[in-house]
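Note that the chains take the letters A, B, C, D, E and F in the order they are written out, and that residue 1 is the start of every chain.
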Amino acid sequence: MGHGYDTGRLNLPFTGICTFAKKPFEPDWSRLDADAAILGAPFDAGTQYRAGARFGPRAVREASTLFSFGHAGAYDHEDDVTYLGPDVQIVDMGDADIIHTDTVQSHANIEAGVRAALRAAALPVVIGGDHSVNIPAIRAFDDAGDIHILQIDAHLDFVDERHGVRHGHGNPMRRAAERPFVSGLTQLGIRNVSSTAKDGYDDARAMGADILSVRQVRRLGARATAARIPPGARVYITLDIDAFCPSIAPGTGTPSHGGFLYYEVLELLQEVAQAHEVVGIDLVEVAPDYDPSGSTAILAAQILMNLLGFVFHARRAAG
Amino acid sequence: MGHGYDTGRLNLPFTGICTFAKKPFEPDWSRLDADAAILGAPFDAGTQYRAGARFGPRAVREASTLFSFGHAGAYDHEDDVTYLGPDVQIVDMGDADIIHTDTVQSHANIEAGVRAALRAAALPVVIGGDHSVNIPAIRAFDDAGDIHILQIDAHLDFVDERHGVRHGHGNPMRRAAERPFVSGLTQLGIRNVSSTAKDGYDDARAMGADILSVRQVRRLGARATAARIPPGARVYITLDIDAFCPSIAPGTGTPSHGGFLYYEVLELLQEVAQAHEVVGIDLVEVAPDYDPSGSTAILAAQILMNLLGFVFHARRAAG
Amino acid sequence: MGHGYDTGRLNLPFTGICTFAKKPFEPDWSRLDADAAILGAPFDAGTQYRAGARFGPRAVREASTLFSFGHAGAYDHEDDVTYLGPDVQIVDMGDADIIHTDTVQSHANIEAGVRAALRAAALPVVIGGDHSVNIPAIRAFDDAGDIHILQIDAHLDFVDERHGVRHGHGNPMRRAAERPFVSGLTQLGIRNVSSTAKDGYDDARAMGADILSVRQVRRLGARATAARIPPGARVYITLDIDAFCPSIAPGTGTPSHGGFLYYEVLELLQEVAQAHEVVGIDLVEVAPDYDPSGSTAILAAQILMNLLGFVFHARRAAG
Amino acid sequence: MGHGYDTGRLNLPFTGICTFAKKPFEPDWSRLDADAAILGAPFDAGTQYRAGARFGPRAVREASTLFSFGHAGAYDHEDDVTYLGPDVQIVDMGDADIIHTDTVQSHANIEAGVRAALRAAALPVVIGGDHSVNIPAIRAFDDAGDIHILQIDAHLDFVDERHGVRHGHGNPMRRAAERPFVSGLTQLGIRNVSSTAKDGYDDARAMGADILSVRQVRRLGARATAARIPPGARVYITLDIDAFCPSIAPGTGTPSHGGFLYYEVLELLQEVAQAHEVVGIDLVEVAPDYDPSGSTAILAAQILMNLLGFVFHARRAAG
Amino acid sequence: MGHGYDTGRLNLPFTGICTFAKKPFEPDWSRLDADAAILGAPFDAGTQYRAGARFGPRAVREASTLFSFGHAGAYDHEDDVTYLGPDVQIVDMGDADIIHTDTVQSHANIEAGVRAALRAAALPVVIGGDHSVNIPAIRAFDDAGDIHILQIDAHLDFVDERHGVRHGHGNPMRRAAERPFVSGLTQLGIRNVSSTAKDGYDDARAMGADILSVRQVRRLGARATAARIPPGARVYITLDIDAFCPSIAPGTGTPSHGGFLYYEVLELLQEVAQAHEVVGIDLVEVAPDYDPSGSTAILAAQILMNLLGFVFHARRAAG
Amino acid sequence: MGHGYDTGRLNLPFTGICTFAKKPFEPDWSRLDADAAILGAPFDAGTQYRAGARFGPRAVREASTLFSFGHAGAYDHEDDVTYLGPDVQIVDMGDADIIHTDTVQSHANIEAGVRAALRAAALPVVIGGDHSVNIPAIRAFDDAGDIHILQIDAHLDFVDERHGVRHGHGNPMRRAAERPFVSGLTQLGIRNVSSTAKDGYDDARAMGADILSVRQVRRLGARATAARIPPGARVYITLDIDAFCPSIAPGTGTPSHGGFLYYEVLELLQEVAQAHEVVGIDLVEVAPDYDPSGSTAILAAQILMNLLGFVFHARRAAG
């Protein structure tokens, strides 16, 4: 690197420019060359309670440095596996451009980023922003084959339209279900009152959604829950941080008590990554300024890095 | 409403005057006409460690707007029930008047509020304030028939007197047990050292209390725990937010680790509401300024709205 | 009030439902009957850095209770005047309805509120929300005679259009200057880099704006600064809280160091209220969650209540 | 000290038990032997808005360690003086015992502490707690000769009685003025609306108070302001931290914008200490949990240590 | 105590000088005479992410007052035992002196403190500071017989050397394993990526460590886990607060999701204290400024006081 | 940039990777080619009270994006100048590598960065970290000609040695004064007690330092203060953020009340930049986690960007 340090860098977590996992930044989206491409989508005008998810990408990138010790990969003693070794290339695309007051254009810019990643055959990983950023992310898959959506979330997000709103953070799963290339939805963690009323649940089920609450998933366990996704499905994972219990994810716009604990989601993601091709990921609704301890962003980074580890370990294993 | 909006209001959670659940405010307590009447009791001079519960009523009201989406009730997909539909009338009485430096008069004012609710045949729901507000609340039931008290709390609150103090937040259950119309107490969640010493436990048991720790309740489960309340008892529920684990309820005056998780209390309350007539409720010790994430107040609001849903669903079912 | 309290209420600041200054809430805008009408405009999708001004109305209302001691007015010993006595009627209209993702409709709803206040001959007082809420507020004055705008702000907010954005919080003064009924602008406190580039300043001056920095106003003093407003002008005051030094107003979206101190603005407002008819007010950009001490909202409430005192004292004096 | 450290202790500010300025703790009040005795008075039931001043003594003690570098005194290069050298003995008495729900007994315990300090011929320095703790502190001077009270505060605190309250934090100056041994009051920094209405000002002036606002003091300057205290008066200084601008003292119960800046109070105190015998001090209303930056407690500690330096420097100079 | 209070002190948690559990402070380490001696070790230069553990000792002491109600011991109704009665003498030694920029000397000073406690036959209890303070603490046992180390932690801390660092908070268990008098290590709670890479795990196992993750401990249960410690081993317990789930311990330097819940650790400690002689304790990595709710310090104090209760109850039972 | 956005990027402050002012990142220090080079120096082991300055570089970079609107430079209407236009090249070098527990090596790495900037003929701009990072920064100038140091700070930082410490944050000005190439020091803002005792002041003056307090600078004014720097001196500016009043800079390790206000420092820097060649800059002691409002980091970024504007405007003017 040319620092003149004789022994390389120790590279402690608190040093360095905050790209995701301190990976290279590639602002030229026509030159992406990586296994996974991280895109920030700092749009939060779709929120119905607390805003602030616009700072989600920055917070998750910063937190990701805690897990970036400069070893050649991340050793997990429980699995006895070193994840994300030097054979996995990750690049940070920076953020989609956001146009305040303009949902349509902001979403279009996010869609452009996801399309760029797909064009480069990189796994697109979108960090929100509110859950409405899932709408353009899914839209970008229109020529990428059928996908099944695995949503992990407190809220069903299946509102069709209220007062003309069709692209807020209460609408993405409805929008997804309307796409012809979305073959199904598995919606996990759904609980308590939200912007989706009874008719939204009815519609979702009518459109093929499999809806499970936290308690229902807990009773089933990770493996049986994962098994409800159709075999062979290519899976797009959309993870709303409010799926988790506010005890570990208070920094979000619409917290809902009774959420998942850490291992419940981690083990589910590990099962899914082993059994399915994961073709896209978004992690949304981290609003860091509502969590002065930083736990929420650390959770998001920890989950995302583990998920990427699982995905690429499975791909390497599958050869 | 006369806004001149052609299509009504979307009424997002972050808009509007913060009454409880955005329900009507009725400052004239002689004109209450509702199924449930919410009374703020912002008295916190009874606390022995951190104060701040005086802002509990405001915080819980504000948080309750997160669950007030303007649908005709709250649909719960796990129960397949829409709770708190248009047939349940809730009114916000505002706050009891508090006289700083004067516990006696402040308590008297709270008592006046609860009496007004009872007179109107509305379910009184008191939002504290510290746990000492339970003392005047219970006092108001002196001509309302026998009641059984279900306390959910970290602390036994059974101190008779220390240094002359008989009406602080360590005393309410002792004061309640002394009333002739209190037929018994079920005290759940009690753990760790507190202002009640060994003799307090001995006294409580001698006066008929059934005391269970979190671990004991956990082993029993919600149903068996609820079944320890005598059949037919008319139940007054007093819920100290510090009954919960500080992971979800850090914003309180005397946190105690090892508390209940969300569903443990929720399911217990659902069991109790189905099996018993609930005649009064207080929820105390939310000190919002010790929880910058807002989780504690959201928990209080979420539990309270669900409990009200359970109570009135059971009443309607009972016809 | 019917509480059964023999001696009325002490009504300490921390008690009671949070309307502005604990004044009556009137949700039916066709029935407004007051000297001043407070409208919350919790729209913050126009911000270019930190959001959160959507909670401005709630925070300012809550803070206003600190100055609401239930005396018959607010006695100021420096002026030897009791302001806002029983002859001044203030009503709280609640909030304009906000439609997330939809700037146009949200602004229309704010406009409807200001029109309702004007129709009732009440002084409209809008609490933002971000500065874009000034756009619909000014629009509502289209049949209310010529107005001169006094802006107190860190930023010029005179961007015409960038990337299609014409109604964000960087645009309101440009939009105002375009109205035929806006006879001029006095823009005070402007400093440092912002979304308005050099051409914006050139345009503003070309359209008749009088632009002064904090240091320039400081050198002139309150009286001479106020005297730059044309005699006889009917003045609309738009006060962006970031006009103030971040030392007293950190809770805002785009803080800028070097701002006004408290008395500088207070004395200026007092001069203006004495010399001019004040026909409308907005106070914007309070983002309370970025100020855990609460100072920013307290400042907003304190300034607003003093300004209302000055305005109605001058009206009574002019009688 | 017996640590076995060969070279003594560096004693950085963040180490060590938090007594005031790391001075010796003397819990036996019959054995006080010092020039100044620090007494914590953690009573905050007298507050009318935000509580939390009960943690004031702990916070001020903790902050005082920042100024305790273990040098033999505090060198001030502007004055070219080393203050609080080894000839000045300071002792920390710990806290008065507080009885929750019982203002009378709590105040009595504070009074006992001040009497103990006076009996030991030590300068009593009370750290509040809310301003009501001044009431018992003054009471303890009943056989200590005439005193003049210098109050530095945002609020006049001259309410006689409202709803029976005579010993809250809005009453202390009225209570003091009633004592025969209080020869006069100088009340500085008073501004804006508070619990004292117009009649309180009239009463205060009738009882001989000299009331000046921040702006009035600012125009006079420190020297001329100090000169308004009668020559020869023995001065008791009561300093409410809310006298200061919320920019440097946000951590308090009833903040009021427009307060004093640091040097304004420091220079005034220096003038007073040079011209008068200072016979007692209290510093009240530090509510540290409303100031996550810690600035308020640091201000309190910095002002208090400087004031003590001025007092004992003047005493030594006076011989 | 000489306060002149006729009835002693109520001694509420928020009053009084903050020594550990309000126990006596003994700065002269040659005069220690107690069953347990508490030593603060506010050194945090060994941290690899967030610092701030230097304020751990102060925060844990302050939090310990919440559990210090002045009863003669702590009654636990689940165990029906009064712990830490008058027969258990605890003394607070204050803090080891810390030399900024100098790890070697700071560690030496901590070692001196632990040696002093051991010399006095008191159980040394070190409150960190970061986990590197374990290095000098263990060093002090070099003539105290063989010890087995029970580490409860998220991280293995078994790095030998990186960039010359051998005494940071990633190294203590490696340093311990190298001592001849350390007979073995049981390392519990280890999870996720950290500064220890795969070779560190290999080394640890080669040097005799028994490593279990949170999930592995959870499956075994407290009793079976405790049983993995060799019978008859004299146990030194080192508890890194980040062993716990960030939901209850967010205030730490390197949080890791998926940690232990409260009872898991409590019950394990109770088992160990019953089955083994506990010869030393440290509790490290509480960084209170990252937890504005105070939960982390409360957890540390609650665990520590319970552990001391278990240890001395077992000793008394063993006679 | 290849985003496929037809109209470029709006590039709002909250979007994008956080390099300083969103300028290019150049990790290869042998390839620097710029007018100014920003180096993060996240070392905070030299602090004597609160740590956390290790997150200063990240916080200042993040805050700098608020002033990076993507216009071609920063227009200042008071000066009628567009600063930092396209002719000024700024590059972000990232951070020096920090070795925890090892002050010597960490400082060496910082020195290597400054040397790299100087070698590239770029103005080195170091963002701390604590003030000890000034020691290696100055060391790097040993073959760069004579320099005069302008220190703006609350503390003199002139301790020679205490307990062996010579490279902590209380020592840098002493270390600088010892260098043969440091021709003099101007030390501004010095006030109140700190780690430097009286002998440090004597030494500083004996070694040629010109020491002025805040009040002394205030009386002189910016121009006369700047004029005390010897004509023709090549100036290195070291700015400790605690030079400022805690009202605008609470987020620092050792706050000291009575500090500079914004324009006092800004105008001084403008005078210095016009009259002298500025050859190096460091800005230190921003500890963002002690300022939840973010004001401190915004101040640092705002001052730094203005200072860079002044420096290069003067250079361009000097041609």
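Assume contacts are C-beta pairs under 8 Å (C-beta built on N, C-alpha and C of every residue); 3 or more make two chains touch, one makes a residue touch a chain.
Small disclaimer: the values here were computed from a predicted structure and weren't measured.
In this assembly, which chains make contact with chain C and also with chain E?
A, B, D, F
Which chains are shared contacts of chain D and chain F?
Touching chain D as well as chain F, we find C, E.
More C-beta contacts across D-E or across B-E?
D-E
Based on CA centres, what chain would you say lies at the far end from chain F?
Of all the other chains, the one whose centre lies farthest from chain F is B.
For the identical-sequence pair chain B and chain C, what's the CA-based rotation angle in degrees, nearest 5?
Here the rotation carrying chain B onto chain C measures out at 180 degrees.
Compute the distance, rounded to whole Å, between the mean C-alpha positions of chain B and chain F.
Spacing between the chain centres: roughly 54 Å.
Can you give the whole-Å distance between the Cα centres of chain A and chain E?
The mean C-alpha positions of chain A and chain E differ by 37 Å.
Provide the list of chain E residues touching at least two other chains, using ranges where the numbers run on.
In chain E, 10, 12, 14, 48, 50, 54-55, 99-100, 163, 165, 245, 247-248, 290, 292 touch at least two other chains.
Quick check of your reading of the touch definition: is the inter-chain graph here a line, ring, star, complete or other?
other
Please list, in label order, each pair of chains that touches.
By the stated definition, chains touch in these pairs: A-B, A-C, A-E, A-F, B-C, B-D, B-E, C-D, C-F, D-E, D-F, E-F.
Can you list the chain D residues touching chain E in their complex?
Its residues touching chain E are 1-5, 9-12, 14-19, 25, 27-31, 40, 42, 54-55, 58, 61-62, 92, 94-100, 109, 112-113, 115-116, 292.
Within their complex, state which residues of chain E touch chain A.
48-50, 156, 162-163, 165, 190-195, 197-198, 201, 211, 213, 215-216, 245-248, 250-251, 254-258, 290-292
Contact residues on chain B for chain A in the complex?
7, 10, 12-14, 66-67, 69, 71, 74-78, 82, 245, 247-248, 262-263, 266, 292-295, 298-299, 302-303, 305-306
Under the definition above, what is the set of chain A residues touching chain C in their complex?
44-48, 50-52, 54-55, 99-103, 105, 132, 163-165, 167-169, 289-290
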